[in-house]
């Protein structure tokens, strides 16, 4: 259930971003900067770009994920992010039957309601199967499949769009499933480009860093380490008041525990 | 079932496009051209832009549709068109119950299979309702709603994107529902901007006009009027051979009869 | 010098946005909401969307400007905003000679340096003219035209992109010319859709409103009326410290005085 | 003069595209397909996508170029391609003086007119320098720099946008400089992904392949090898008649000889 794998990315993405940022201020060409760029410099150029909202340079580093066994509820939300590339398993051509029928059960459906969901999924499957057998084409039989039916999707986003995606989907207001996908995507990209995604977070973190003195910028890690951290923001963009923001972020990530 | 309404658009869109096109070749400003532009000139500038692929000027005319009572199968396909704006009825906030539950029945499901679909929809509804009653939140209960469940969506596209949308979705290879939506959208925009959408069509028409002598360009109307029309294309982009293209287009539009 | 004219726009844009926003929360269709929507409701839906960052609904209202007699320095910056449509006067086809040669003189070039700029423009013109006469094609002769040479451009942006454009280009860090264009565009759209653009401003205003209690949101008008207003932000995204922000905004708009 | 270097790209881009294409038709996940995918299969999936216009899968492979010592005439045209990412050397921050002033001389300016261009560039430089010395800020002094002044720009495009970019800019109607850039970009990407860019070409090639029987598809290489090749298209989209198309393509690429 819900698998997120980073299958390809710009290997030298952090360096590419730093060189591009530097070239915008310099008269010298790529080769010159590539030779000289130190790791410290890379970190500085990236940090500076993010904390001042020079997002465009982040577009030069790109990430491809294979996101599998998610519901079509989640995929429908996912593809609303328009600055990205998608290739989705099509139920017009690939029938989700037998072991390939693995509809997603929401964690909120516990005990008796879990049984209800499972019953509903079983009935939908039977109806789908009967329709196929009665000669209804696959593309039409799928109308009776549940919204929760599983799908796979290949997604390519650049680092700028990922920052935007994370700002919206790491937020506790996002539905649990796309939120779980977002937290998993974050884990993946942080492994390969920790400097680039250091300041990622839901909108509350992003906006807080835009209005905070630069030497006091905060990260998601600070939230989980230091429960004392004080926000300057009076509210987050969704309306959560200052004192509730940290708890809200912690609550948001707990979705990962619920889907284990 | 499936309602498409043009609710707002650039009233003077054809003229705006023609003036913009003319300004790209002229040193004079908007006011000068606006005063002088005749209806004939508007037609000439638009025709010239389309038949030579100068699509960018078409972006200055914009259309907003309210598309109602379509399935989430169709809306999921629709929002894959990224150069457009969408606002969709959310099943997180609006429960499709009682008279608002009107799932779409594919025309291919006839007689016995129609009963099967209706039974499936009824079962799904009952399961959904029971889940809501047992306290599962709306955003999760909807996982058992069928893919065919009805939704409403407000869509804004400019004329260039509409040409692209039509080239893909008026084609018989598009699923019947989004195809029906596309043919209905075409009817709407042709009413208000006939000169602008004169050369619209599925890809077979678009490509044929790109490679055909200009004084022999063809339109969808020619297809439905004159069954004798000869294509130069050996095949359409989807692989239909020359002799089958006209019939294929006629077949594509017949979806409008099936959903009456 | 620098003329900005709103030549077309979604006349009922504010209402379209409000209805779309409402429909996302409702099971009812367009007609129902259109009949009932009051002016107060329009204002509420728009304000709510902006202060909570639900930007997508703002895309349904679209604006076309004719921006004339600006430099190619400015047009090069302008077209970097990718979520917009452009049609520009082409110096490949339209020669900027005689009365059509009106290169832009930066206000910073005063007295003696103004004469210098004028001399430079005169020399460039003579060289351009001589090249044309010697048979060099227009598209190549223009290589010797100055960056400051005048151009006209038709620009279409939706309200969401305008908010983004304004956040960057109303800022005092933007170059004076594109800043002047932005302030003039703001004047134009405020005339026709005052409720929609009430909360527009450079990033300092936008971000301040995202982190401020909702009943204390601020507008550009407050800045110019009430010099006492206190920011909560410690700094703006560009690094201007809290106490300097108001002055910075006032300074930014003063570009309009310099170009009269 | 005019240097184009591919500085980063999706190393396994061809495989990523093929797997994504296959996953859209399959119920199996990434790992399964990655293990099994043969080189022949990669070629087939890519070829099939391109010849049938399934462009979206091509977006998963991305290319970053450093394009150096081009004119601001060319960069202004380049950034009009909106589905791409740009970071450009800014003349607001980096002064093009001394050895960094290398304005581009159009090949059409021969002998006496070449001297004229050089004189014009020299005068512009002197004026620019004097303005800087008189205290005019860099961002304003540059108004007197020539349009031909050199700039560097980092560009990231995916393979789909590259196909679109090439279709427009490899065409003989494109200005010589951006055309030279396009032909050089093509050389770069063909070196690393020959299968992916096999069917690239100006619009005449692209459209010809859309309407031609699949087993008779043509490539740019065919044009340069086999002068006997017959087009089915009566005209190219720009209006060149059937018999002139091949010569027109050959002529277009000859720009590479002129800029050596």
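Read from first to last, the chains carry the letters A, B, C and D; within each, the first residue is number 1.
One rule holds for everything that comes next: a contact is a pair of C-beta atoms (placed from the backbone, for glycine too) under 8 Å apart; a residue touches a chain by one contact, two chains touch by 3 or more.
Note that the structure is predicted; figures quoted are calculated from it, not measured.
> Could you see whether B-D or A-D has the larger number of C-beta contact pairs?
Spelling it out, more C-beta pairs touch across A-D than across the other pair.
> Report, in whole Å, the distance between the mean C-alpha point of subunit A and the mean C-alpha point of subunit D.
Chain centres of subunit A and subunit D, defined by C-alpha means, are spaced 32 Å apart.
> Can you pull out the residues of subunit C that are in contact with at least two other chains?
Where subunit C meets two or more other chains at a single residue, that happens at 86.
> Mapping chain-to-chain touches, which pattern fits: line, ring, star, complete or other?
The chain contacts form a complete graph, every chain touching every other.
> If you look only at subunit D, which of its residues touch subunit A in the complex?
Going through subunit D, the ones touching subunit A are 3, 5, 7-8, 10-13, 16, 19-21, 23-27, 29-31, 34, 56-57, 59-60, 62, 64, 66, 68, 85-90, 93-96, 100, 152, 154, 156, 158.
> Please give the residue numbers of subunit C that touch subunit A in the complex, ascending.
Interface residues on the subunit C side: 52-53, 203, 207-208, 210-214, 216, 232-239.
> Which residues of subunit C touch subunit D in the complex?
Where subunit C meets subunit D, its residues are 71-73, 75-76, 79-80, 82-83, 86, 92, 103-106, 108-109, 112-113, 116-117, 119-121, 123-124, 127-128, 130-131, 134-137, 139-140, 142-149, 175-176.
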